[in-house]
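My questions all concern the structure below.
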C-alpha cells in the first residue's frame, strides 16, 4: 500500500530520546550546539515547513542535475562562453571564485548542524542542506573547469580561497565565522535566515535574470537551479529564530544585526559589481539598488517583523550606503584591478548617464572619479595599464577586511580606534560595533597592512600582488578594453 | 504590496501553470514579470492547490518536489502538505 | 608567459585528465592548513579533537572514495534505489503476514529508527570534523544513507500499523528500557560522545557498523524472508547496498590512515581493543530479540 | 623612521596607506597622498591637512604634529572648512 507523506513522515522526524548512559549536555555541548543552551523540551516543537522525504529529495535533485547537464551539453563548451561580452565574463569570474569553496564550507557547517542541532527534524533538514551545498560546490567547479585552458583567470574558481588575495582574506573572514566556526544556532540565523532568504536571492535569482537577458543560458540555469535548493533549506531559519527570540531575544537581534551587515558588504562587492558595472548596459533591466529594494528591503524586512525582531539600529546608515558603498568599492577596485583575478571596465558616457538616473542622490559626487580615470587614459593612450592604476598599498577594515570605502568621497567614515594597546581601523560604524561586541573573535586577525608592517608581506604593490596575493601577469585584472574605448577616442 | 506573500517562479510552462492555479484560488493576485522569473504576490495569504495546478497542467503534480523544480524563492512562511501549499505571515506587519 | 594550463592549479600534477570526481572533490577545504580567520567557541574543540587527535595524516585528500561518488552520481544512484524500494513496498500485501511475526518485528524494526538516527549523527560528525574534503563528502553521503534508512524503517512501520495499530507504538520506551536493547543503547550513546576524530572513525567503521549492519540488515532480511515478509527483505537488501559502500569507503580510509604512520596503527589498535568488545556485547544482546522470533 | 598613516583625499573613494618619514613636513605628506590618489582625484594646488579634527601646520614635521603610526589624516581643499 502506498502511503502519503503526511501519513508516515512524523515517525521518521522525531527521534530524540532521553539519554541514560551519558548526559544531554555531553551529547550537545554548548560550544558545538550553540547558545543559549536549552533542554531538548525547548526545541521539541521544531518544525520544518518545507518537508521533503529522502526519496523525494534524490528524485527531485536528480531531475535538477539532469536539467542543468542538458543545458551544459548544449551551451556549456568554452566556445559558447567566448561569445559573451568580456565584462559579463568578468562577472562570471567574480561569482565563480567567491562561491564554490564557500559552499563547501557551508557543507561543513551544515554537517555540524546535522550532528549538534537540538532536534532530530532540524538535524535531518540540515543534512539535506549539507548535500545541497555540496551540489553548489561541485556544479560550478565541474562546469567551469574546461575554461581554464582558454582563460587562466578561471583558475581562481578553485584557487581563490587558497590564496592570500585581499578579497580572499575578506571572504574567508566572513565564511570562516559564518560556516566553518558557527554553531547550529548562529548558522541558522546567519545563513538560513539572513543569507538565503535575502541575499542569495539577490545573487542567484537577480543575477540569473540578468544572465537571461545577456543570453547566458548556462549561467542562468545553474544559478536558478541552485537557488531552488536554497529556497527549501532556508526554511530552517525562521523556525530556529522564533525559538531563539522566545528565550534570548537580545542574542537573536544581535546575530541578525551582525550578519545582515556582514552580508551586505560582501554582496555589495560581488553582486553590486556584476549588476551595475559588469553587465553590458543593453541587458540591464534594474539597478543593484532596485534589486536590493525588491529582494532585501521589502522581503527581508518583512520576515524580520514576522519573527518579532526589529530592524538593525544602523538601518539609516545602511539605507544611505545603498547609494554609495558599491560604487566607492568599484571605483577603488578599478584603479587597483591588478590585485584581483578578473577584469574591470570604465563606465562610458551612456553607462554614467544610466548610473546618474538610477542613483540621483550620489552619482554627481562619484562621477568626477570616472572623469579623472578617463582623463588618465586619454593622456596615456590604450594599453598603458599602470598609468590608471594605484601604486600605494591601501587600508583595510579591521572587521570586514575590505578596503576603507565607507561613506562618501567627501566624507569617508573610517575611524581609528585604540583598545587594549592596539590600533584598529573600521570602515564604518556598524563594523566597529560588531567588532566591539565580540573582540575576542576578531582582535587577533592581521589584515594586509598589519602583515606589511610586520614585514610578512611586501610593501611594494607589484611585489605584493605577485608574491603575496599569488597573481601572475596573465591572471591579474586589467581593463576589459585595455583602455581602448570608442568614446575615449575623440 | 507591503504584506504580499507568494512564490517566485521561473518563467517556464511549469511556472506559468502555478501562476494560473494561484489566480484561480486567490483574490488580489499581482504577478510581476521580471523576464527570467515571475514574482507572485497575494495580500496576506496565498494558497496553491494541487488539484488546481493539475487542472492547469493536465498531469499529476507532486508537492513539494514538482513545485521546488520551478520555484527559486518565495516570500512569507510556507506550509506544505500533500494537497496544498500556503504562504502567509504569522503576524500582521 | 607560461603554457596554458589544462586544469585547475592543484590538479596539474595528476598526470591524466581529471574526471568529475577529481575536479569536484579535491582540496575543497582551506581552513585546516591556515586555521580559522576568526575566534569562535568551536576553536578549542577543533584543536582537541581534530588537530591533536592521535590519528594524524599529512594529506587527507590522498583518500579516494572507491565509488568516486559525486553529488550528481549519488542523486542518480539513490533515485534508482528509492524507485525500486517504492515499487517493493507499495506492492506489499501485509494482511497476509503472520501476527506472530508482526508481534516480534514490532519490538525490533520501529526501535531501530533510534540507533540509525544516531548513526546519521555520527557520520555527520565525522563529516564536519574531517580535515579533508573527500572524507567529508563520503561522510555526508553516508549520513544521508542513514537518513534514508531511518525514513524507510518509518515508512515500513507505518505500513504495518495499518495492519496492526499497535505496531511499534511503544518503540521509544522499548529503546530506553527493554533489557535486550540496553547494551546497544549504551554503545550508541557512548559513540555519540566519542569526539576524537580517530576514535569516532574507528569505533564507527571498525567496531560498530560491521556488527550492527550484519545483524539488522543481513540477518534481519533473512529472518523476514523466512517469515514471508518479502517487502522488508527486499527493502533491507537495497539498504544493504548502502552498507556495502560504507564498508568499502570506511575500509579504504582506515587502511590509508593505518599505512600512513606507524603511530596511527597503534592508535587504531587501541581503539579497536576498546570498542570491539562493547560492540560485540551490544549486538549479541540485541540478537536475543531475533532468537525468539518464529 | 617611517610612520605609516591612513590617508584620505577629499573626493577619493578609499583610504590609502602612506609611509611618511617622521622628519617629513605635512605639506610633503599631503603631496605624497595626492600623488597616490591622482588616478582618481585631480591634484589640487592648495590643500589643508586635518587630523583628529584639527588643521595641521603644513611646515611642521610628522613627529612635531603628533602623528603616530596608523593615525588617520585627511587632505581637503584649502577653501573647505
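Order as written gives the chain letters A, B, C and D; numbering starts at 1 within each chain.
Throughout what follows, a contact is a pair of C-beta atoms (placed from the backbone, for glycine too) under 8 Å apart; a residue touches a chain by one contact, two chains touch by 3 or more.
Computed from a predicted structure; not experimentally measured.
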A-C or A-B - the one linked by more C-beta pairs in contact: A-C
Cα-centroid distance, chain B relative to chain D, in whole angstrom: 58
Intercentroid distance (Cα basis), chain B paired with chain A, Å: 27
Gap in Å, rounded to a whole number, between the CA centres of chain C and chain A: 33
Euclidean distance of C-alpha centroids - chain B vs chain C, Å: 38
Sequence positions of chain B contacting 2 or more other chains: none
Per-residue overlap in chain A, given as positions that touch at least 2 other chains: 59
Chain D residues counted as touching two or more neighbouring chains: none
Chain contact graph, described as a line, ring, star, complete graph or other shape: star
Chain pairs in mutual contact under the definition given at the outset: A-B, A-C, A-D
Chain A partner contacts - residues on chain B that touch it in the complex: 2-3, 8, 10, 34-37, 39, 62, 64-65, 68-75, 77-82, 89-91, 93
Footprint of chain A on chain C - complex, ascending: 1-2, 4-10, 18, 20, 23-25, 27-31, 34, 36-45, 70-72, 74-76, 78-79, 82-83, 85-86, 89-90, 92, 94, 110, 113-114, 117, 120-122, 124-125, 127-128, 133, 136-137, 139-141, 143-144, 147-148, 150-151, 153-155, 157-159, 162, 172, 175-176, 182, 185-186, 189-190, 192-193
Of chain A, residues touching chain D in the complex: 327-329, 331-332, 335, 366, 368-369, 372-373, 375-376, 387-395, 403-405, 409-410, 412, 414-416, 423, 425, 449, 452-453, 459
Interfacial residue positions of chain A with respect to chain B in the complex: 4-6, 49-52, 56, 59-60, 63-64, 67, 197, 201, 204-205, 208-209, 211-213, 220, 224, 227-228, 230-232, 235, 238, 285, 294, 298-299, 302, 305-306, 308
In the complex, chain A residues that touch chain C: 1-3, 7-9, 11-12, 15, 17-22, 26-27, 30-32, 35, 53-55, 58-59, 61-62, 65, 69, 101, 104-105, 107-109, 111-112, 114-115, 120, 123-124, 127-128, 130-131, 134-135, 137-139, 141-142, 145, 148-150, 152, 155, 157-159, 161-162, 169, 172-173, 176-177, 180-183, 440-445, 472-474
